[in-house]
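Listed after this line are the structures, all set down as structure tokens.
Next come two complexes built around chain A: one with chain B, the other with chain C.
Right after this comes the complex of A and B.
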């Protein structure tokens, strides 16, 4: 798993690449801890290069969301593959997260 | 023969019945070795990507539960996985050495009070993505089936 961060339109966009599973989730959490500790207000996570997510990965994303909400931050997820999106639908996490089809829309409408 | 190195603990054995046994220690780094073994064993069946994703996910969730909740990550305790294909249906049995659990005790993670919790989604995903699952009476062995086409 790798993650790089860019600033676009004043927003933080995170590009996660690889698999988010029980073995890589701690690394994902650690990458976001830095952004959370500085109370980054709005983050878009582009998941286009994420090929696999398990329940640990879902739990990690929930944890990141909870931590951001604790200081009033907002998180959007974009560019999910249809398979990964289906996991959010099955687990009803789609109700919890702001899931946007693509990064461009996620950034341009994030106010 | 006793083998000592941790990597050597990974054992794969094809039984005369055509079933394959994979035995790994309770270390999470072995989880995807179990799923990889099964997926490579399915290569000749022409299974589509979506089903392969589901099978991988459910196997990994079940092996993870066996290691973490069943064997409490005790590296000396193995997780045994047996799989076979019968009439186009994949069967996977995953067993741990623990006292067993009652899957009906797992809270529904899709209900509002549990949605922010970190547990319960693995079992829920298995129930949703496999065609059939059952536990032995003790609750330390799950058998999952998935139609391959």
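Right after this comes the complex of A and C.
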């Protein structure tokens, strides 16, 4: 798993690459902890290069959302493959997250 | 279409003392299917299950699980492989001194570096899947038999296994609760694309969950096929087992002469 961040339109876009699973989830959480401790107000996570997410990966994303909400921050997920989207549906998490089809839309409409 | 074999048993033989329990079992189980092993008490089905999870070693023959030859693995490799499988035991095998949440999260706490906060979320997600939302702080003694089975199921899926093994999942449950467990097995298999291997002699359960069925008798596979094929089998032993008739080719009692010989032996 790899992650890089860019600032676009004044908000933070995170590009996660690879698998988010039992082995890599702690690293993903650590990367976001830095953004959360500086109270980053708006984050878009581009998941186009994420090949697999397991339950611990989903739980890590929920934890990130929970921590961001605690200071009034907002999180959007974009560019999810249909396979990963169906996981969000099975676990009923699609109603918890703001899931936007692509990054461009997620950034331009994030106010 | 070629289907991916996820478990291959090749001519498994096992003896306990001079009793042959498995006398040359060969079976392929495919990815994503619900495979049921049925047969009477003592037919070798649970012993076979213990072989395919690597808990017992065969006297001869080989087991391939998720592409690995179990006889070639050391303890560490076997432990890693076991993380990809889930077990649901007949007795639920919950720790009575632990809360429901701690029972479900046991594997995650022991085998991963996940934060407690993340593990707590996984536990809530798994309990939701088995219909036990909000039960994480209860202890097993506060639950009914059916609820305990569902906690066992939540624990079995906690680490996203590729295969779940069920040993008599509906034993001792009333028909409605047994139906709930059967539905859960099917739902979880289909939704999560998990391969399920179920050992049971609950006939109602067999035909409501199975894609394919194998019938064991005296340590051998008597017949294996699609659920409908087994249901309409012409084999008199399979027919007797399905109908539960005391009369037929399967004898419950050993021959009387055998008994008399044993008395004076």
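Here is the rule we use: the second predicted complex is superposed on the first by the 111 of 111 C-alpha atoms of A that agree within 3 Å, B and C clash if a C-alpha of one lies under 4 Å from a C-alpha of the other, contacts with A are read in each partner's own complex, and residues count from 1 in each chain.
Following the convention adopted for this analysis, a contact is a pair of C-beta atoms (placed from the backbone, for glycine too) under 8 Å apart; a residue touches a chain by one contact, two chains touch by 3 or more.
Keep in mind that this is a model prediction, so the values were computed, not measured.
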Quiz item: After the match on chain A, would you call chain B and chain C a fit or a clash?
Solution: clash
Practice problem: Have a look and say if chain B or chain C is in touch with more residues of chain A. | Solution: B
Practice problem: Kindly classify A:90 by the partners it touches after superposition: chain B alone (first), chain C alone (second), both, or neither? | Solution: both
Exercise. In the overlay, answer first, second, both or neither for which of chain B and chain C A:29 touches.
Key: second
Practice problem: Have a look at where A:59 lands relative to chain B and chain C in the superposition and call it first, second, both or neither. | Solution: both
Exercise. Share the list of chain A residues that count as touching for chain B in one structure and for chain C in the other.
Key: 22-23, 54-56, 58-59, 62-63, 90-92
Practice problem: Please give the residue numbers of chain A that touch chain C in the complex, ascending. | Solution: 22-23, 25-26, 29, 54-56, 58-60, 62-63, 90-92
Practice problem: Within their complex, state which residues of chain B touch chain A. | Solution: 28-29, 31-32, 49-50, 53, 56-57, 60-61, 64, 109-110, 115-116, 118-119, 121-122, 124-125, 128-129
Quiz item: Across the complex, what residues on chain A touch chain B?
Solution: 21-23, 52, 54-56, 58-59, 62-63, 66, 83, 87, 90-93, 95-96
Quiz item: chain A touches which residues of chain C in the complex?
Solution: 108, 111-115, 117-119, 121-122, 125-126, 128-129, 158-160, 191-192
